[in-house]
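Shared between the two complexes below is chain A, which pairs with chain B and chain C, respectively.
On to the complex of A and B.
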């Protein structure tokens, strides 16, 4: 177990190193953006005099690394800077609520697609080359590269425009919270589900096929154990491991999907906030959003890595040896 | 060739998929000359007309522009960018992945570390931010940025197939003959790894379409007046309740193309790898 702990520490260490490099990359990328921050704050009518004063006051004339250092130490203290477009509102005052919304949306999608894909993947794997398998495999293949806004548009046309069961847009009325409007989550969450279903169910199917053909399952069959018992007690435990990895690897797509879905439904999350930031060229807000997405993405990848190690006894007991 | 025909007979879905892809390619080339409206023409008497009215087969949008001609002209840009992207990202992936796997040691470690860093920003977020910052995307900038975002995926596949070939005897033989590293990598090893690389490239084509469509949808793709499928969806999103066809048909166009390419790439991987 000690060696497992040391893997955890080394993973956290390399995570911090990666994040430091990433923060530098994000900061230099935004530097490339055409346009002058002082001009953006004061508008076109600003005099040369006031522009110069503002640049001086905000330290815009300082060398690159001085400004990067100021930004990153601010971030570490929890100060993400002020939004330019929203007239100097501190970013941390708007960001966290939106991040909460996005995470809640992602969680809803997760609760839908993980069990559905695993169950259908197992069915397809067990009934290999039968009708059920063909239908599930084809659906998975079809949805795997389907952009989220395409599945979203189709869902809106059916459930919101034609049947009128669910709202067409996912905005929260002023003065209310997300929890008073849970119905706005359903269509966005389902739109994300499609792509993830493709990946996860196909992975689950193929790992199930491999496991079901292995010797220890044959031995269990020869012992005369009931098929249901073999599938759930013997096969599924091993067949789930690759699926966990694939879920972790596709978290990146999930985050991209969140931006697309939030834009499509007008959902007030971190993705649509980043969209607004890019459209309004709001430098500090872009930096804060991208950095935060990277942190959340990295944390979720690390969690799946560690979970994989924990669930797989071969790694758990000799984590230190390679 | 006989083998391919035999495989086609066993996978009827693949035939449909190939026909759909060829159909789109044909429309992209010949489509605009067959249409009665151009993609910018505004029919002021028939705005938001439902499909079929006044020769607008798929209806018109809020400005009275013909949806069908915009979809067909839009197929040109998405097919071009997606094709170039899958080719460029595959080539860059081969060069980087092969060199890393071949030279190994410090170079390989450096390669893996930088791929980890590139992978730690989700590909769509990365391309969207970079394109958004640069502004006014062109076919070239779109292709380049999406290809870079795809490099971790393609380079890792190339590195993997190179590592499985590296210890083969013919590689040793070439080394003893004194061939150059470049010759060994690209003239000796590459021809033997063509199968998995083609499979990866066709799958990449489907992802490229998904990515380019999503970037267009997010408004950082090709700029108007070039019609773009993703952009058409977000443009007409506010009128979805009154004129669902303005949104639904571009979405179905993307769906048909992406699904056809996915089925095609699945077929290719079955033919080239699994069932040999």
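On to the complex of A and C.
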């Protein structure tokens, strides 16, 4: 267990170092964005004098590392700064509400695509080279190849425009909560499911095929155990490990990928907030959103690594330790 | 397997927790009459600092000294009950005595003085600072009367008080700290809740001075950055009003019987030629470009009809304004254009770059139409479209040929002094002609109506002959559900929600 703990500490250290480097990259890239923040704020009617004063007041004329240092020390203290367009409003007060919405959307998609993909992946693996396998594999490939904005438009056309079962736009009516409007989650979550289903079901199928052809499964069959018992008690537990890795690795991608889905459906999450921030050159807000996505990505990757170790005895009991 | 089950159970429990965490407690609305609007995503919204994206919010929360009557096109008092000036230099402004702010304080002369003096406060960076530099002094005569003395005669000064950045603010409220999160004015609606970058929930102000108004109980404003998404909300019945749509978007709703589109006013797009450098310093080249273009073709290129929603002139006055004088139309004649170019020393034609803000409605289509038409006249026009901040910070006023969005001014004289006077801060064509300066100066100071009409005629004839401008006027389109009646939005761009009725 000591070895496992030292692995955990090592991974956390590596995560912090990665985040520090990435924060510098994010800050540099945002700096390179074309456009003038002061001009964006004051608009067409700004005079050179007012632009100069605003740049001075916001510290936009300070050297790069001064501004980076100011930003990163603020982030470490939990202060993400103020939005350019909302003087006196901490970014965190806007961000967490949106992050809550996005997390909820991501988890709704997660709840749909994980069981569906695993079950269908298992069926495809067990029924290798049969009709069920072909149909599931083809569907997985097709949905994986479709970008979210294409599958989203198809879903809107069918379920919102033609059948009128679900709303076209996933906004939360003013005065109500997301909890009161769960139907707005269905189409965005299905769009995400379409993409994720391909990855997960194909991985589940492959690992299931490998496990089902392994010696210990053959031995179980020779012992005369029922096929269902072999699949669920012997094969699935091992075949799930690579799938969990893929799911974990994709959680970070899923969160970043919400930008497209949220923009398409007008969902009030972090993705649409980031898009708005980019459009309006709201630099502190862009930096906060991108950094948060990076943190989620890095955390999900690290968690997956640790979970893999937790679930896989060959890694957990390295060198015969318990 | 047991461990896998544990992990999956934790994830499901976590999602369940978030389900409830995301459910903020907010009050649901009963049977109130609610106007629902999908407006643009605002930038700064504090009056004096906002950049024109928060019209629905600000026109509902604040009152303005004077407003433009959309029916008559004349000014009418809102905060001001009357105004007078005998010489255009000394103005007496009288305030209504029954106005209170949303915090319960009375609106009086000190608040109007605060509002006017705030334009010159260097800590505010007021966008109207230049416009109000002309004020020499602001004096309180009594609790509801203010005297404004100008440095120069300005018969049209009162029009400047209808600007969307000139809402009357409370002297006791800290707008620098609270203006962006808790806007507070004396308008027909108060802010119940403002979630930045998402929505504003406004409710009728019980103590509003105009008795019987507003006609609705609440206004719900959704801030939607994508206009197509906003239109989808309208089609889906999630909102009642979507301002600022394009003709292409209009086609999406044309087949919906319960949706109609209205044009409350027109905006301007200035095709501006820089006259202090080749090639447009030569009027022959300017005329060649003017002869290359057809207003009818331009209108058709935008899916619009010339003379109803689309206007075209070669002067700075909008066709819908009383000061407009018909000086054209100039007949499109590509052969003449080529001859003129030859005469100007470009026998093989002229290549020039047209720069514009591509994310402003209509600009891209206008640029493409100009490019196509001017080709026959011997012009090879290269198009460079940029996001508006890049356009304004890096290209505007620097390039030889540009398209710029100009909001209409209630008093055209304000625009003349800014954009065509030698000393104008936004003189994008760099015109420096003493003759034009003299005309503009006379317009700014002329009190007599007859003489003013003559001056405006002289101005527009000047532009027709040697001007650096083609003024393309395009509609501001607003889509509404048929349950909404009484939507008005005058040239000041401020929609008036207090008079809107919603039929259920």
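Keep in mind that, in the parts below, the second predicted complex is superposed on the first by the 285 of 322 C-alpha atoms of A that agree within 3 Å, B and C clash if a C-alpha of one lies under 4 Å from a C-alpha of the other, contacts with A are read in each partner's own complex, and residues count from 1 in each chain.
One rule holds for everything that comes next: a residue touches a chain if its C-beta (ideal position, glycine included) is under 8 Å from a C-beta of that chain, and two chains touch if they have at least 3 such contacts.
Bear in mind that the values here come from a model prediction, so they are computed numbers and not experimental data.
Comparing chain C and chain B on the residues of chain A they touch gives the larger count to C. Using the contact criterion defined above for the overlaid structures, shared-chain residue A:268 touches chain C, although it does not reach chain B. In the superposed model, A:168 lies in contact with both chain B and chain C. In the overlay built on the shared chain, the residue A:217 is in contact with neither chain B nor chain C. By the document's definition of touching, both partners, chain B and chain C, reach A:279. Residue contacts after overlaying the shared chain place A:240 against chain C, while chain B stays out of touching range. In the superposition on chain A, A:110 makes contact with chain C only, while chain B stays out of contact range.
Once the two complexes are laid over each other on the shared chain, residue contacts for A:296 go to neither chain B nor chain C. In the superposition on chain A, contact of A:8 is made with neither chain B nor chain C. Overlap of the chain B and chain C interfaces on chain A: residues 34, 160, 168, 263, 275, 279. Across the interface of their complex, chain C is touched by residues 34-36, 39-47, 49-50, 53-54, 57, 83, 85-89, 94, 97, 100-101, 103-104, 107-108, 110-111, 114, 160, 167-169, 171, 173-180, 233, 236-237, 240, 244, 263, 265-266, 268, 272-273, 275-276, 279-281, 307, 310-311 of chain A.
Partner chain A is touched in their complex by these residues of chain B: 13, 116-117, 119-125, 128-130, 132-135, 206-207, 209-210, 213-214, 217-220, 230, 233-234, 237, 240-241, 244, 247-248, 251-252, 254-255, 258-259, 261-263, 266. Remark: chain A residues 18-19, 21-22, 25, 29-30, 32-34, 138, 141-142, 144-150, 153-154, 156-157, 160-161, 168, 251-253, 255-257, 259-260, 263-264, 274-275, 278-279, 286, 290, 293-294, 297-298, 301 touch chain B in the complex. By the touch rule above, chain C contacts chain A in their complex via residues 1, 3-4, 7-8, 11-12, 14-15, 18-29, 36, 41-44, 46, 49, 51-52, 122, 125-130, 176-181, 193, 195-199, 201, 220, 222, 224-226, 229, 232-233, 235-236, 238, 387-390, 392-394, 396, 404-405, 425-426.
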